[in-house]
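I have placed the structure first, in the form of C-alpha cells, so that the comments after it can refer back to it.
Chain IDs A, B, C and D follow the sequence of writing; residue 1 opens each chain.
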Amino acid sequence: MSKKESESGSAKSAGECTAGDTKDDKGLGLGVIFFIVAFVICFLSGTLLFPKLLYSKKEQPFNFDHRLHVEQTGDCESCHALREDGSFNGIPKLAKCQECHSETPLGETKDEAVFAEMYVAKEKEVPWYVYSKQPDCVFFSHAAHTKTKGMDCVTCHGPIGTSTTLKPYEENRITGYSRDIWGQNIWGIKKHSWDRMKMDDCAECHKKETGHQGYCFQCHK
Amino acid sequence: MDSALIPEGANRCSFPKFAIGIAIVGAVVLWGVYAMGLIWWKGLNQTNMNDYYGFALWIWADLAVIAVGGGAFFTGLLKYIFKVDGLKNIINFAVIIGFICYSSALLILAIDIGQPLRGWFIFWHANVHSMLTEVAFCLSCYFAVLTIEFIPNILENRQANKVSFFHHLAHNMHGVMPVFAATGAFLSFFHQGSLGGVAGVMYGRPFAVREGLLIWPWTFFLFTWSAAAFGPCFTLLVTKITETVTGKKLVKDNVVHLLAKISGWMIVTYIIAKIIDTLYWATVTAPSLGFNISHFYSNNGFYGYWLLVTEIIICGVVPGLILIMKSTRENPTLRLVAMILGVIGVCLNRWVMVLQIMAIPVLSFDTWALYFPSWQEIATTVLPIAYGIILIALAYRYLPVFPQEKELNAVKLATETE
Amino acid sequence: MNKENIKAHKFGMVIDLDKCTGCGSCMVSCMSENNVPFKEDESNKKDSITWMRVYKLTNGKSFPETEIVYLPRPCQHCGGKGDHGHSPCVSVCPATATDYGYDTGIVSQIYTRCFGCRYCMGACPYHARYFNWWDPKWPEGMEKYLSPDVSPRMRGVVEKCSFCYHRYQAAKDKAYYDGRDDIEENEYQTACTTACPAGAIVFGDLNNPAHRVHEIVKPDPHPAPNNHYVVGKSRNPNIFRLLERLGTNPKVYYLSEREWVRKAGDNYLDGEWDKIKNHHGPESHG
Amino acid sequence: MKVDRRSFLGLGLGAVAGFSVSPVLLKLTDDSSIWTQNWPWTPVPVDGEVSYQNSVCSLCPGSCGISIRKIDDRPVKIEGLDEYPINDGGACLHGISGLQYLYDPARIKTPLKKNGDKFEEISWDDAISMVAGKLMDIRATGSPEKLACIADKDRGSVSGLLKRLVTTFGSPNFYTMPSFESYLELTATPLHGRGTTIGFDLENSDFVLSFGAGVIEGWGSPVNCFKANASRKERGAKLYQIEPRLSNTAANADRWLPINPGTEADLALGLCAVILKNNLFAGTAKFKGGFNKFSATLQNDYPLSKTSEITGIKESDIEEMATLFAKAKMPVAVFGKGRGDGSQSLKELIAVHTLNCLVGSINRKGGAFIQPVKNYLEFPAESLDGIAREGIAKPRLGRYVHDLVEKVNASSQPVVEALFVYQSNPCYALHDTKTIKQALGKIPFIVSFSSFLDETAKEADIILPVHTFIERLEDIPSGSGLAKTVVGLSKPVIKPVFNTKHPGDIFILIAKALDNAVAQNFEWVSYDKCLEAVAGRIWKSLAKDGHVILAEDVPEGSPEIDVTYLSGNPASVQSNGDGDLILIPIDNMRLPSAAMTASPFAIKTVSDEVLKGRDTVVEINPKTAKGLKNFDYVTLTTPVGSAKVMIHLNEGMMPGVVGMVKGLGHTFDNKYVSNKGVNINDLIGPVIEPGSGLDAAFGIKAKISRA
C-alpha cells in the first residue's frame, strides 16, 4: 500500500513539473523544431524519392526511330492499323515489318542489327513494352475514335511519331501499370491531353464530346 | 500499481485481478482476430455464405449493434437538445457504448466486403441512389462525432487532466457538445433509417419491400424509431451489468427510471407503428405481388410465425407496457426483464430484416435457403463483444464515467478508509 | 448524348420452353465464351457460377401425370419499375459498379469497381448474380483457352451475364470499320443463342419491329393498365416474364403453350390464376 | 536542453504531417486498390487477331461440323458450324467444351511404359520398338491370332488402318465396342440382308414412335435430333415416348407411356399384332421368310390383353397407338434405349423396326432408310503371308467384346498374348467391370492408344498417347441413324500441345517396324498421305468443303423384308437377381458414358439431383421410397455389387424401378471429373440374349436399404 502511494506520489510530482512552466516551453520549442525537420524530410522524400521507388525502369529490346518510319511511310496507320474486323492491330508483328524490310535490308545501325539477328533471323516477335498499355478490364475501340470520330493519334498518345528514341518503360511496382497511365507528374497533374490515360481522362473527354461520360460496358469488359 | 491513473476517490479492484480479467477476454479477442486474418487472407470462402446468402450473420450483427448503439444519439439528443438534464449522469456511458457499437460496425463491414482494399470506392464512386451509400457516409461521420463526444471523457482521466491544455480542451469541448449532439442525432436519424431502407427498397424481394414516403420506405422510419426506442434499453442493460460486475451502484434510480420511461413510451409508439406496417404489408403489399403471408412463414425448418409473435408481442408490446407503467417500471426485476426482452426484440427484428429476406424463395420454382454461420463468422462476430467488454472495463477503471459513483459509494469508501 | 442514345436499342430474348431440351449447351457455351471458372466440386448450386442457369420445373403431379420443363435463366436485364432503368440491382449498388445502359438496355457489371458488398445479389430475385467466393483457378495450361474479350474476374467480386456485350462491341467495331452507323440483327447474337441446338432462344432488339424477337414477343410499349410499373408486357398470351408483377421488367421473355408452365413464371394467390389466365397477364394492385 | 517526450511527439507528428501532405498516401491508396484489380495470380488472356477455322467434332458419333475461334494461334472457343449438313450451327455442350480436353493437364503427355504399378515416360522410338518386338515374338510362335484389338468403331481410315494392321499381322480378333451404329447394322442384316444399315428420317416424319430412344438425350446424332425434335412444333409432328421413366424426351414428347422395363419388344410385337389383326399394314411391302406364319404367331402370342399385362400399358392405349401409327402419313418407329449405345436386345430392335416394315415406312420420306453401308475408302488390297493367312483363317474368340472377355477369363493359359485398345474404355463402359479388368489382367501385353489415362489405359503395359480431335486430320463418317450419310474432315487447328502422335501415324510406324510381310501393306510416309490416297475419289471435295455428302435422298426401291428371325418368337430377356426393385441405367445428355469422359464444364452443369458432392443420386418414386427422404443415403445392392448412394424422389419414375445415371464413377486422376459417384456398370452384369449373343441386360434386380 505504502509502495503504491510513493509511486502515485512520484507520478504526481512528475505530473506537476510538466504542468506548464518555463522549462518545458523549451521542451515544446524543441518539439516544434523536431516537428518542422521531420515534416520537411518526409514531405520531400514523399514527393521526390517516392516516385523513384515506386517505378521500375525497363529498357526496350532495342531503340526504334518513329520519326524516320513516319517520314518513310507518311503516317501512323501504315503500321498501327485497324484490322478488317474493326479491331486494332496494336504494335505490328514481324511480318508487317518485313513487308518493307524485305527489300530495304537491315543491319546498318546497331539497333537494326539487334532486330535482324535476335528477331528476324529467329522469327521471334519483338517483346516491346507498350507505354499506353491499359489493364485487362478495359475495352477500347480505336475504330470508334479514329475512324468514326476522326480523332488523331496525338490527342491520346502524344507526339510519339516525331520521337527518334524510345524512352525507358517505367512500370509501377504495385500495380504493374505503365507510368504513362497515371502520368509523369506524381500528383497526377496534366498539361496535355496525352499526359494521363486514366479512366477519368476518358470520361472527361466523353462528357465533353458526347454529353455523357458513357456506360460502364462502353469501356469495360 | 496503476493507481495513479484511477479516478480520485474511486475504488477499483487490484491490478492483477483486473489484468487476469482482461487477459481472459483478450484471449477471445485474439481468437476473433485470427478468424479475421483468415478471412482477409483466404477470402470469404471462409464463411458459410453463398449466392443465396449474400447478406448473413455479419450484416445482422452490423444492424443489431447499430440499433442498440442508438442509445447514444438518443440520450445525447435528450440531454443536449431537449435539456433532459438528469441524463447527464449516464450520457458518458451511453457515448462509450455508442462508440463501441459503431467502431464494431465499421470493423465488421471491413471484414464483410469481398475487396477490403477497395472499400473506399463507396465514397469515391458513390451511387446516390443506394441506401448503402447513405449508410456508409452517415455511419463514418457519426463515428467521428462519437469519437469527439468520447474525447472529453478520456481527457478527464486523472493524469491527462493534469496537462492544462487537455484540461481546458476537455472543458471547452463539453461546452460545444450540444452542436455535436445535434449533428449526431441528425446523422443517426439518417443512417439508422437508411439501414432500414436497405431492406425496404429491395422491390425484388416481396418480404422486404415496403411502400413509403418519397424515396424512403416505411422501414426507414421504423428502424430509426426502433433504434431510439431500444437503444436506451441497451444502455440501461449494460449499466445494470456493469453495476452487477463491479458490485457498485453507479447511476441513481431516478435517472434510470427517467430513461426507462422514455424508452418505454418510444417502444410503445414504435410497436404500434410496426404492427400497422406489418398488417398493411401482410394484407396489401405482399398479396398485390401474389404472396400470401403464409408463404413467408411455412414450408421450412426455421422461419415460422413464432418469429412474428416473439418479435412484436413478447419482445415489443410486453417490454413497452412494463416500462410505461410506473409500478412495473420501478420494479428492478421487471425492468431488467423488459430491457432484456427489448434488446432481444430489436435484434430479432434486424435478423428477420436481413436473413429471412434471403431465405425466402421468390421464384415459384425456387426453394428455401437455410444457413448456419461458420466458426470464422461467429468468431469475428464475438470479437466486437469482447472488445467492448475490454473498452468498458478500461473506461470504468481509469475514467470518471459515472459522475454519481463517488456520491453513491461514499459510505462504502469511508468505511474502507477507516 | 452519343449515337446509341439517339436511337436506343433494347436488347432482349425470348426462350421457347416447349423447344428447350435442358441439354445444357447454353450454359457451357456461356462459360466458355465468358471465361467462367470451375471448381473441383460444383454440386453445391448455391456456390456455383453459371451466368446461364437451367432450372428444372415440375408440375408437382404424381406418376404418371407428372411433367417436366426446363427453364434457362440468364440475367434478366431488368428495366426496373416503369422501365426507367432503375433495376433492382443497379439502384442498390453503392459504388456504381453496375449500371443500366440506356443505349442497349443491358445491365453492366464492372468487376474492377465492385468491392463485393453483395447488396445487388440480395436485391435480385432471380439469383442471376454470382459472387466469386474463391480465387478463379484454371488447371495448369487450361488458361490458354481464355478469351481476351472478357476479363477474368478476381476473388471477392460479383459477376453475371452481360448478354455477351463484347460481341456487341465487336459488331460495332466492324460497323465502324465499314462506315456503317448501326449493326445487323445477325451481327450481334449471344453465345447461348448461337449454341442452342434446338433454336429455342431468339435474341435481338425489342425496339426494332424488324427483329424476330420483336415479332414473336410483340411487347406492349404502354404500362399495364392494372400495374403501371409493368411495361413491355407481351401481347402474345403464351409469353410471360419471370415475376412480372414485381415490376422488375425483365428483357427475357418465355414462351410456352403449357398453362402450368406460364403459371410457374410468377406468384399468385389461391384462385387468382384461374381468374386472370384467360385474359392476358396477371392482375396486380401494385 | 534535453530531448524529452515532447520532442519525439513533435518528430512523430511532423513525419505523419509531412507524408500526408506529400502524394504518397493518395498514390498508395489508389495503387493498392488497383493492385487488387490486377492480382498477379488472376490470369490475363493474351490478345491477338481473331480467326475462325472449320473442322468436325469426333467426340461422339454425331460428327457435327464445328467452327473454332482462334486468337492468333490459340483456340479459344468451339461453336457449331453454320450450314453444316448435320448440325447447321448447333452444338452440344461436350463439343463446346472440346478445348478443355485439348489443354487438360491430365492428358497423357508422352509415351508411357508400365513398371510395376507405376508408369514411366519413354521415347516414341523405344515405345514403338517395344510394341513391335513383342508382336514379332507372337508372330514367331506362329499364332498371330493371339493379338486381339478393341476399337471404338470399324469405319473411317484410322480404324481402317488399325484393322489392316491386325489382319495383315494375321489375327481375326478385331472387335468394336457396342455402338448405336453397330446395332443398326445388326438389325438390318437379318431383315434386309448383309451390308445394310438403317437411317431414320426424323426431321420429316409426322409420327415418331420411340421405344425409349433418348431423341433429345444423345441418341443417334444428338444435335441433328435436337433440331428435328425442335421443328416438330412447326411441322405438327407427334412424338410418343415409351419408357419407364419421365426422361427429358418423354417430358418433351406429346405423349409419355410408362412401360415395364424390358418389355419394349413385347409391346412392339403387340402393336404389330394389332396392325396385322386390323389389316392396317401396307400391302406394298415385300415380305419373305414366312409372313403368314409370322403373322399367325404374333396374333396368337400377343393378344391385346396379354400385351397389356406384360407391358403395363392400357389395352385402349395400345390399340390407339397402333392405329395412329399405322394411319399416320410418315410414321417411324425408333429403337435404342437412351443413347442407343448401351446393351440392347436384338429381338427388341427387330420387333420395333418390323413396325416400320409393316406400315410401309421403309425408304419413304419421314420413314426408315435402308441403305448399304457406304464405303468411300479404297485401301489397296492386303497382301498376306502364310502366317497371316493361317491366322485369320482361325475362328474368332467370339462375336463381341464380352465374348473375348469371357474366353480370356475362362481359359487357364493365355488365349490372347497381346491386346490393342484404341479409343475405347471397356474397363469402364461394359457391364460388370470387375470381370473385364480381371480379363485384361490375364493378358500379358496390352497397348493402349488413348489421350487420357482412363480405366483401361491404366491396365495397359504401353500407352501410346494420341492427338485429340482438335489436333488431328481425320475423315469422320456420319452414321448412328442419320438419314443422310456425310463424311466430314476433322482438321488440326493447333500444333500438338503435348508429345503425342496421330493414331494413324502410330499404326503405320508399328507396321513398318514389323517384318516386311506386314510392313509392305503400309507404304505411306504418313497418315495424312495415306488418307489422301485412300480417300482418292472424294478427297478433293473433302479437302475443299470440309465434308462430302454421300447420300441424302430417299433410297430407291423397297428392299425385301425377312421375318424369319421373329417367326419363332425368341424369348424376351429377363433381368437377373431376386431384388424387389429393378435398377435401370439413365442416359443424361450432360454426362457422356462411353470412351469420352465428361469435361469439367459438363460436370459443372450436372444437377445436384444427379450428383451431390461425391455421391451418385439415384431416382425412385416416392411410393417406392417407403419413408426415405430426398438425399437420404441408401445402400443399393444387386447380384453384381453394391454401392452407397443418395436418393432423389422423382414422381417421373415408375414405382418399383430405380434409375441410376450412366457416366459417373470414373476412377482416374482428374479431380474435376473423377472419383465422383458410382459407375453403374459395377452394379449391372451382362445378360446374354439367346440367338443374338448380345449382352441385352436392360437392368438388374436390386434392393435398397437405408445406409
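In the analysis below, contacts are C-beta pairs under 8 Å (C-beta built on N, C-alpha and C of every residue); 3 or more make two chains touch, one makes a residue touch a chain.
Note that the coordinates shown come from a computational prediction; the quantities given were computed from them, not determined experimentally.
Engineer: Could you see whether B-C or B-D has the larger number of C-beta contact pairs?
Structural biologist: More C-beta contacts join the chains of B-C.
Engineer: Mind having a look at which chain is the central one, using mean CA positions?
Structural biologist: Centroid comparison flags C as closest.
Engineer: Measuring centre to centre with CA averages, how many angstrom lie between chain A and chain C?
Structural biologist: Spacing between the chain centres: roughly 39 Å.
Engineer: As a quick test, compute the distance in whole Å between the mean CA positions of chain B and chain D.
Structural biologist: Going by mean C-alpha positions, chain B sits 63 Å from chain D.
Engineer: Quick one: report the Å distance separating chain A from chain D, using the average Cα coordinate of each chain.
Structural biologist: Computed value for the inter-centroid distance: 55 Å.
Engineer: Going by the contact rule already set, what residues in chain C reach two or more other chains?
Structural biologist: 44, 48, 96-97, 111-113, 135, 151-152, 154-156, in rising order.
Engineer: Two or more other chains touching the same residue: where does that happen in chain D?
Structural biologist: Residues 32, 35-37, 44-45, 47 of chain D touch two or more partner chains.
Engineer: Can you tell me which residues of chain B touch two or more of the remaining chains?
Structural biologist: 115, 118, 121, in rising order.
Engineer: Considering only the defined contacts, which chain A positions touch chain D in the complex?
Structural biologist: It is residues 24, 26-28, 30-47, 50, 54, 83, 85, 87, 89-90, 135-137, 172, 174-177, 182, 186-188 of chain A that touch chain D.
Engineer: Considering only the defined contacts, which chain D positions touch chain A in the complex?
Structural biologist: The touching residues are 1-4, 6-19, 21-24, 26-28, 31-32, 34-35, 37-38, 40, 44-45, 47, 49-50.
Engineer: Of all residues in chain D, which touch chain C in the complex?
Structural biologist: For chain D paired with chain C, touching residues are 36-37, 39, 41-48, 69, 71, 74-80, 87, 89-93, 96-97, 99-100, 102-106, 216-217, 222-223, 226-227, 229-230, 233, 246, 248, 251-252, 256, 258, 497, 589-590, 600-609, 611-614, 621-623, 651-655, 671-672.
Engineer: For the complex, give me every residue of chain B touching chain D.
Structural biologist: Listed in rising order, the residues are 115, 117-118, 120-121.
Engineer: Could you list, by residue number, the parts of chain C that touch chain A in their complex?
Structural biologist: Residues 1-2, 5, 96-104, 106, 108-113, 149-152, 162, 165-166, 169-170, 172-179 of chain C touch chain A in their complex.
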